[in-house]
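Shared between the two complexes below is chain A, which has chain B as its partner in the first and chain C in the second.
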Partner chain A sequence: MASESSGRTFQEYLEHHLQNLVYGRLPEGHERKFYAKGETDEEKAAYCQDGKNMDYDGDKYCKETLTEDGWYLANNKTDLEAMGFWAFNIDTLFFSLLLGSIFLFFFINAAKSFSLEKPTKLQLFIEMMIDFVNGVVKGTFKAGQNSLVAPMALTIFVWVLLMNLMDLVPVDLIPYPAEEIGIPYLKVVPTTDLNLTAALALSVFILYLFFSIKNKGFIGFIKSITLHPFGPWMLPANLFVEVIDMLAKPLSLALRLYGNLYAGEMIFLLIAGMVMINFETLTIAGVGLNLAGVTLSLIWAIFHILIVVLQAFIFMMLTVVYMNMAHEKFEQH
Partner chain B sequence: MEEAVIEAGKFVGAGFMFGLAAIGAGVGAGVLSSKLIESIARQPELEDQLRPTYFLGIGLVDAVPMISVGLAFYVLFVA
Partner chain C sequence: MNLNGTLLGQMIAFGLFIWFCWKFVWPPLLAAMEERASKIEKGLKDSEESAKKIIEAEEQSKKMIAQAKSEAKNVLSNAKAQSEKIVEDSKAKATEEKNRIVTSAQAEIDKEVVNAKKNLEKDFATNVMSAAKKIVGKEISETNHGDTIQKSLDDFRK
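Entry: the complex of A and B
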């Protein structure tokens, strides 16, 4: 198993890969544990003493009791529980901002070096993408005039697509070297973190509410959620139905993207967990298993390309549809 | 004994999740595709308009069973 070299069981390997790198506040008196490297007890004790000046607990870990409050990277489950709500998923933030910067860098460059006579390949590719998004927005967004919708759709599409594409990077390629230099957890696909997809969906939802109120007026907005589908005499029922309908929008948007990418990542991990990486103990059966693992990974990756692009497209499409709903002025029922 | 029952329960539960997800997705994708073919056969000039909508629908149909499969794997191997 890929996990053997790091001394983990299959389950620990999966859990390790499904955990974000969390940065949060730990209280005074909290006991932190680190995995001790080495074969024998003496080696482990020496490792704990030398590197970090900590005690060895006699089994697997070095431990340290905090003498004051402070911000730390979570190292295991007890750390995570002690941190509670106010903690940051560093890896999600880092990779999403990095991919966002890459997106902006290429698009701004292409816009600056724009040329009608001698277009570069990058420019043509970006024009293709803009044409595609423009077509979708023109076809779907018909209820009003708003110059924000198309750029927003383009941003969402490209950004979510880039973040989803991180799923096709081999699962151990980045986290394994990162662990060697002392980063305890690393999740490279930002969209497999519910926090990010929920944040995206909430932003879309807030814009939906804003444009609804702006276009219908506050009274009109209240009317739209209270007076239909059943007419003014069934006001509580109308309110109930409309509020659920409204809350379902960001919820389904966030959970759809998260669920798809999470499931895809999970399957990559299961395939990777099957493969043998420890070359010293490699047998004929192990080689067969390796080949099967590589083949399965390849097949799933090829199938996953569809899901990756489709989910980015659906997120964009639904955003445009919701914006269209926010701009509808006269509803006939 | 109790552990064995819990372990068996995991497999039965995950089996239901896989199976029901497959049934639902199969029916959904089948209905969608057959309607697309019917519509294109009736009005071939509308194909360009129908195809994006079809892919949107396929994506929506595909999403829920995929989530179910992922959670089933989670139940089997992690939880």
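Entry: the complex of A and C
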């Protein structure tokens, strides 16, 4: 299995791939643990001593008890729990910002060097995207005028699409070399991190609330969540239904994208688990398993292209729909 | 898997991206695309109009050619008629002149003939008289022989 090359069991391989690179604050007295590399106890002890200036626990790990507070990269679940909320997923932030910057770079470039008569192929592609998003927004967002909706839809579509596309990069291609140069964990698909999808959904939700109150007025907004769908005499029931309906929006938005991409990534990992790298122990059955793994990986990747685009589109579409609802003068039921 | 500070970081990043897109990407690109759309529309309209104009011009030129042809025909036929008339006129004039010249020449000739006859008569009479004098040798007076002379003169005249 692919996991054998790094000396892990398949279970550990999966967990390793599904863990973000988290940078956070660890309190005094916290015990940090590292997986000790090496064959014999002496090698492992030397690894702990030389590399990290830590003690070897005699079994698998190097250990260290912190004497003061400090910011560290998390190495295991206990580290994560000790860090709490104030921790940052470096990999998610890095890749999402990188991809977002790539998006802005190409689009701003296209806007600057826009040629009416002689468009480049890249410009035509970008125009196609703009046209597509503009069509969706014009077709869906009819309740009011808001110059923010179309650019937001474009940002969401292209950014989420780029982040989803990272899922098609072979699962070990980036994390494995990264581990070799000392980055313990790396998740390359930002949309498989609930933090990112929740951040997008929450931002959309805040804008939804903002534009709702701005367009309906505070009184109008309160009315819209209390007087429907049953009329004023059933106010508590109305409030209950409307609040659940409202909270379901960001929740479903965040979980749909996260769930789809996380599941997709998981399947890639499971398929990757079928493929052996250690050629010395390769058997006939192993060759068959390898071929099956490669084939399945290809089939899933092709199918996943559909999911990747579809999820980006759904996120954008629902955002536009919610913005439209925020601009409706009278709620229709 | 737990939510952590990344959430806030991503919200800020998302807000920034939207803002950039809102300010620097969407408006110029959309404006440029709309400009091109209107240009294309205008170009199509213009070409349609010019096609119409070409057809009109063709018709006009055909009309003009036809008109010019008929005018040329008229001019030609007029010229022909005029030249015929000129030829006729000059023919008539020439005939008239000829007739005039012929009649005047005839008159002159007639006059000359009369004169010549008169002179001849005179000369003849004198010659005859002198000849007769020589032959007769005697005086011939008009009183005596006038009748005879007159008679011969009358015969000569005949």
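We adopt the following convention: the second predicted complex is superposed on the first by the 330 of 333 C-alpha atoms of A that agree within 3 Å, B and C clash if a C-alpha of one lies under 4 Å from a C-alpha of the other, contacts with A are read in each partner's own complex, and residues count from 1 in each chain.
Assume a residue touches a chain if its C-beta (ideal position, glycine included) is under 8 Å from a C-beta of that chain, and two chains touch if they have at least 3 such contacts.
Because the structure is a prediction, the values reported are computed rather than measured.
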| item | value |
| --- | --- |
| Which superposed partner A:Phe94 touches (first chain B, second chain C, both, neither) | neither |
| Touching partner for A:Val136 - first (chain B), second (chain C), both, neither | first |
| First (chain B), second (chain C), both or neither touched by A:Phe313 | first |
| Touching partner for A:Arg256 - first (chain B), second (chain C), both, neither | first |
| Touching partner for A:Leu104 - first (chain B), second (chain C), both, neither | second |
| Which of chain B and chain C A:Phe221 touches, first, second, both or neither | neither |
| Chain B or chain C, by number of chain A residues touched | C |
| First, second, both or neither for A:Ser147, with chain B first and chain C second | second |
| Contacts on chain A seen with chain B and repeated with chain C across the two complexes | 18 |
| Interface residues, chain A side, partner chain C - complex | 18, 20, 22, 24, 80, 83-89, 92-93, 96-97, 100, 103-104, 107-108, 110-112, 114, 116, 126-127, 130-131, 134, 147-148, 150-152, 154-155, 159, 193-196, 198-200, 202-203 |
| Of chain C, residues touching chain A in the complex | 1-11, 13-15, 17-18, 20-22, 24-30, 32-33, 35-36, 39 |
| Residues of chain B that touch chain A when the two form their complex | 49, 52, 55-56, 58-60, 62-64, 66-67, 69-71, 73-74, 77-78 |
| Chain B-facing residues of chain A, complex | 10-11, 14-15, 18, 136, 139, 255-256, 259-260, 262-264, 266-267, 270, 307, 310-311, 313-314, 317 |
